[in-house]
Amino acid sequence: MKKFFEDIQISFEGKDSINPLAFKYYNKDEVILGKKMEDHLRFAVAFWHTMNVQGRDMFGEETMTRPWNSISDPIERAKAKIDGIFEFCEKLSVKFFCFHDRDISPEGATLRETNKNLDIVIDYIKEKYKSSNVRLLWGTANLFNNKRFLHGASTTSNADVFAYSAAQVKKALEVTKELNGQNYVFWGGREGYETLLNTNFKLEQENLARFLHMAVDYAEKIGFKGQFLIEPKPMEPTKHQYDYDAANAYAFLLKNNLQDKFKLNLEVNHATLSGHTFEHEIRYARTNGILGSLDANQGDLFLGWDTDQFPTNAYITTLAMYEVLKGGGINPGGLNFDAKLRRPSIDLEDLFIGHIAGMDTFALGLKAAAKLLEEGLLEKFVEEKYSSFDSGIGKSIVEGKENFDSLEKYIIDKGEIINKSGKQEYLETLVTRAIVKAL
Amino acid sequence: MKKFFEDIQISFEGKDSINPLAFKYYNKDEVILGKKMEDHLRFAVAFWHTMNVQGRDMFGEETMTRPWNSISDPIERAKAKIDGIFEFCEKLSVKFFCFHDRDISPEGATLRETNKNLDIVIDYIKEKYKSSNVRLLWGTANLFNNKRFLHGASTTSNADVFAYSAAQVKKALEVTKELNGQNYVFWGGREGYETLLNTNFKLEQENLARFLHMAVDYAEKIGFKGQFLIEPKPMEPTKHQYDYDAANAYAFLLKNNLQDKFKLNLEVNHATLSGHTFEHEIRYARTNGILGSLDANQGDLFLGWDTDQFPTNAYITTLAMYEVLKGGGINPGGLNFDAKLRRPSIDLEDLFIGHIAGMDTFALGLKAAAKLLEEGLLEKFVEEKYSSFDSGIGKSIVEGKENFDSLEKYIIDKGEIINKSGKQEYLETLVTRAIVKAL
Amino acid sequence: MKKFFEDIQISFEGKDSINPLAFKYYNKDEVILGKKMEDHLRFAVAFWHTMNVQGRDMFGEETMTRPWNSISDPIERAKAKIDGIFEFCEKLSVKFFCFHDRDISPEGATLRETNKNLDIVIDYIKEKYKSSNVRLLWGTANLFNNKRFLHGASTTSNADVFAYSAAQVKKALEVTKELNGQNYVFWGGREGYETLLNTNFKLEQENLARFLHMAVDYAEKIGFKGQFLIEPKPMEPTKHQYDYDAANAYAFLLKNNLQDKFKLNLEVNHATLSGHTFEHEIRYARTNGILGSLDANQGDLFLGWDTDQFPTNAYITTLAMYEVLKGGGINPGGLNFDAKLRRPSIDLEDLFIGHIAGMDTFALGLKAAAKLLEEGLLEKFVEEKYSSFDSGIGKSIVEGKENFDSLEKYIIDKGEIINKSGKQEYLETLVTRAIVKAL
Amino acid sequence: MKKFFEDIQISFEGKDSINPLAFKYYNKDEVILGKKMEDHLRFAVAFWHTMNVQGRDMFGEETMTRPWNSISDPIERAKAKIDGIFEFCEKLSVKFFCFHDRDISPEGATLRETNKNLDIVIDYIKEKYKSSNVRLLWGTANLFNNKRFLHGASTTSNADVFAYSAAQVKKALEVTKELNGQNYVFWGGREGYETLLNTNFKLEQENLARFLHMAVDYAEKIGFKGQFLIEPKPMEPTKHQYDYDAANAYAFLLKNNLQDKFKLNLEVNHATLSGHTFEHEIRYARTNGILGSLDANQGDLFLGWDTDQFPTNAYITTLAMYEVLKGGGINPGGLNFDAKLRRPSIDLEDLFIGHIAGMDTFALGLKAAAKLLEEGLLEKFVEEKYSSFDSGIGKSIVEGKENFDSLEKYIIDKGEIINKSGKQEYLETLVTRAIVKAL
């Protein structure tokens, strides 16, 4: 068993600490609204960003050197990275990790060989389980990196690629089940189009539905009880992806009678690329009963691509956790750090620093959101604003007793209607207040 | 009866003309793919932009002086504007117009008085019908200008405003029916939120559904047979509107079991503000059976608000008409010019020039789209690209005969999968070719 | 003398207060880094947003009713609004206000008449000066609302409009001087173009330079010593404005030898519309010695127009005040609230609440920025990161002693160069830390 | 000498052709406005996109297999690619190519070794020159791919990296001179910042100026007479680049007294990412005398990154060539195809198809622009619109004879000023007309 982070020690030092390698706000056992922080937040480390990414971008090579990559044998390297992710999560006291199938083991010449490689690593993880409490939050299949997916996976124009994708997801479901993964994610990285000019949109949408139904059937067949999640993203890598945003994904699910089988995995940066705030996407999902899990990161609103930065903005995390708390929590989903280090953050310790930054910012957001709920100023304001629907004509409308005729009779001779102020300026100060007073 | 445009004569002069007041490409009786241009395009003039708008923007007063506004009596002015819209449409050989209730007649102290004013003008329009072939494409209610709607109309926090909106739409449906309007549009100008902090999202969504069901019931009650249309727009005037884009509106319809009662009215500039091309929104709608009507304009992709420019870009109109032709036409919907003159285009004749620009650009687009279809190069390319789904495993997938097990068996020992080139660069040249060769 | 806000009492209550009408963080006499808060921040109230704006947007009428607008005589109403702005500033303990010439007095049939109206109001303000400490931070001329400016003011295609603009600015300079205004602002609301197709770009740029030189000459002639400020904005109302951003304005100043006569007035929302963060624009300006004054507001990064919201985001104000403190302060400029209430914030008291929100958020930002500077963690990090330029080859480069030959000799046989980590993730946590620990 | 494209034959077939491998509009010897097409357009092939890029994106591996990459020896492969680029250009009748130093030869362990590799390839190119007319339009240095540049090149925080960059540009200038390159380009790929929090903005700007002065000095020393070009881009790879747009680069040049030594290389997709149309950037540059060369591609305005697509939109090329013709041509610059195939365009022939698409679209744009100029409708309109500056007070303003006093006298008692209509809607139809009638 390899050790890579022996020099690193992480502890909770509290809000006065300036130690980059200490938690300032995240105190996992601290109880907030009757539940431990770690149970509210259910953090997960993303295998790909932590163990695989090394700073490459479209204009430049890797900037980071990771010790596990000095191991030349692919399977040994794969195992070393499993050692690494467990050691990393344990140091951080994070209970979960997430992976794509191809993150953790190398491809072979055929799918059969690829699956064999995967099995070796899965067995190794099962060994790790015996001595560690780190577990799989969700698994998924990488259906976007290999060139075979250049026209999509389940929405490809090539039937063999559809078949390949099906077989790959079959295996990914099996191994997720084997590892007691609590969720399984579908992110349609290449499920979309580059140009409508060469796209049979209808067939692709129908094939996507067929594919998801097959996945549902197969999960049932093997007894996989984890939650199925669709992860919306509007574009990148393709010009336009089918699961553009929460509403788009929901329309697809409803149309294809899949709404009871899937929930959503929402990501900050995907939300913002689609023109929505993160809190909007969560509100939309929880209102429609499809909030499943969250990808914790943040984008740069001045940049038009997925920057996947570690979350450091407390407004985003406060408003997100406010929605999560209002929605009754995120379990069996979690907060997966789909976040990568900035390209110049090249030190090995930066992996810890980035995660600590993110965990602390979400912990701060959780405490601020709890403060908002405890004081109840927002709730009270909203209640009063809508109070006309609690009695009289409003109550009658909500109860379905009115129609256009009756409402016309009610209003036709009334004079000016008086509205209440929305007081957005004041309400916004309450969010800052909650952050400033959270600790 | 007032005449405002007696000096203006419009004719078709053909592609060599540089006369701003002549059609170059739109020849209404010319037959394209077996149908007259005017029946393909079904143009409509928007009452509000043509008769009411005068160049005001957020930073400056009106720049345009319209002769009908020198009439001081409100009802007489309203009638003069009816004269004007009929004269305008006739000069342009446009068969349809569209209006909001408040565009055509003034508000009174109560809704009852407002309705009386409206009735006078509706009677006047019915008189005009006797001597003109110009007809109403669609009616709608203005539920956004008056301050009573500051928190929304059917999604207001004030039950009286909900009632008022219901009564107003009731009347708007009645007059649309009276005028044989072929469609009725719901654009949710204030149906959205400024901030989630003061918004009961769930109640607002439920009330919106209640409202639309009431509208359906009332239309049934009075025997209105026109098509109901939702018009998506992502933002503006509110920070975030509920009918964000086609998919968002479709999700709402499906969830609330309204999908058989409503189709969509799609606008170029609303599409682009929501991050989609116009052709995407049309493709999405026709694939899902909800394409209803189109608002013809264009936005400026460098600006983040609804500029509502007259369409002058032939790529946009070609790709739009290609989708329309593939979808079997737009009837009983049409192409409504939801377009306004640039603020410095202050001459009265500019109203004609703008519409001619738009009609010509759509006529060119129609001819280019027809050329694309006649030559069939795009269709042939797409057919070949997806041919693997016409036989063998692909056919079997499409027929629903496969599952994850069978597909794994099929693919697990296969080697490299060969894909075809997407040839986007070539396909794009075909669009330019169609435009250049359209005439 | 009219009183409009007699029921309103504003005080500092401190960070625990939830009173919307009390300051939580802004304690004007509190000393931060050796200077009183009010001297750091130099707040100003914008006359137009406070006294004139009433909630109108492009899709809806006014929602707010202001008591001063019930006065029917235009000059009496103008005076009442002057009473109002002084009372408002005094209640808030704000020492400055800003205005456009046309905000404060009505236009007449000719410029001579308009100037007479203006003189009456200026005399009235001078009377107010005797009993109040409220003063003019900056004056400016409104060269965008009247329809005569539809093609621009100094960049118009109409020579008479150029002349009019010159005469109007002449008068605006005179009255700003009369009131001891400390600055004079040029915001080119219509100085830009709608389309290049009808624009003589070169002539317009040259005329803009001529105009600014005339202004400089005239200020010298009348002995106006205030600071001249250009206010960049990329678009809106025009499609593309000439003073697009700080760099664009600076290029113009340099080219036309105006760089010593003008500094910049930077606005948060204008910065973000041009693709830059506010802190970028300030850093750019102070690095180039052209930081003059700031417009305090905030935009919505999901919306593409100038929303002019009251600033409530402490990250923006912290990073802005950090730049201001590093730059040695903003005097003789200030922080003008170019911010308007959201359309549903209709209560008269919301004017106070909005300003308190903004002042508190800037006060918090000031304290957080001071904390950052006092602890010096950012400064120390930057110093170390660039330390290679403090000695050896780096020092020699900075001192101008090296050239391509000498540098080639130095490096040509060296092996790998080792870089330091940029540690962005850690540095970002320091900003949150400063906010959380500011109070 | 290797041959890679022996099966490919390219010819001019004219506008009716549907052969993807034939020119439809680009007929190199056809004379337009007295000059051959090829002399107007001066096309260049970008070495990197054509010989090196193979479809990799941030989410997926290479999709394209190029025959030259089967050669294992790095120097032999480099030579083969030189054969390839010459063969490719000759087949297309393109006279120029462009490269970064690292595109054409591999790096060694030290800069000395790297330079040796480069010399071998440069000698090989000089051999090719003897039997080919293909020449170097511009050379440049790749200062962004290698990890040493992670904090920038001349704007790095590491003095050794500054030295390395200097030495690398020194060599790149030498080889560009050796090959009679007509231009040398500075694109600041990493010259910018990821976060202001760790950036010494002032030092970086000063070092950039020092660097460019060194380059000027060295070019003078070695007698390099080619044109120096700055290539603006707003972001990507860095969060914010220093040469954000044309105006930003111009400000920098002016401030550092470099404005006579550098012109600009403007790219379509960089322009649009910075919020400007391509025609704006060209107009700005030619108005200020700094138009140097163009990078021909197009972006997707719905995507926020540099997609570098082959240009297929005739509006963009028409408006660009209109500016180029008005500016007197682009010589000694040219039109470099900084464009890459879409990831699914995997056939070797797609390289030709993409370039033909781009060349044809620019040829069409050239012909349309020439038509616009020949007919002169735009020019005449603009002339009339600004005619008030040709005589009277306008002429006097332009001649510098007026001031605020004289202009006030002129205008103070005048009544309403009458403006002309801007007629944007009509002018836009002229552009479509020129495209439709260009052939």
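For reference, chains read A, B, C and D in written order, and residue numbers begin at 1 within each chain.
Everything that follows uses one rule, which is that a residue touches a chain if its C-beta (ideal position, glycine included) is under 8 Å from a C-beta of that chain, and two chains touch if they have at least 3 such contacts.
Because the structure is predicted, anything quoted here is derived from the model rather than measured.
Interface comparison, B-D versus C-D: the higher count of C-beta contacts falls to C-D. With centres defined as mean CA coordinates, chain D is found 39 Å away from chain B. In whole angstrom, the spacing between the mean C-alpha positions of chain C and chain D is 36. Counting partners per residue, chain D has 63, 147, 150-151, 194-195, 235, 240, 275-277, 302, 342, 344, 346, 419, 422-424, 428, 430-431 as the residues that reach two or more other chains. If you sketch which chains touch which, every chain touches every other chain without exception. Of all residues in chain A, only 15-16, 18, 20, 24, 63, 272, 275-277, 301-302, 309-310, 312-315, 341-342, 344-347, 350, 353-354, 356-357, 360-361, 364, 375, 377, 419, 421-426, 428-433, 435-439 touch chain C in the complex they form. Residues of chain D touching chain A in their complex: 55, 57-63, 144-147, 149-151, 189-190, 194-195, 235-237, 239-240, 273, 300, 302-305, 342-344, 346. Taken in their complex, chain B has these residues touching chain A: 109-112, 115, 147-148, 150-151, 157-164, 166-167, 169-171, 194-203, 205-207, 210, 214-215, 217-218, 234-235, 240, 244-245, 247-248, 250-252, 254-255, 274-277, 279-280, 283-284, 287-288, 319, 378, 381-382, 385-386, 388-389, 392-394, 397-398, 400, 402-405, 407-408, 410-417, 419-420, 422-424, 427-428, 430-431.
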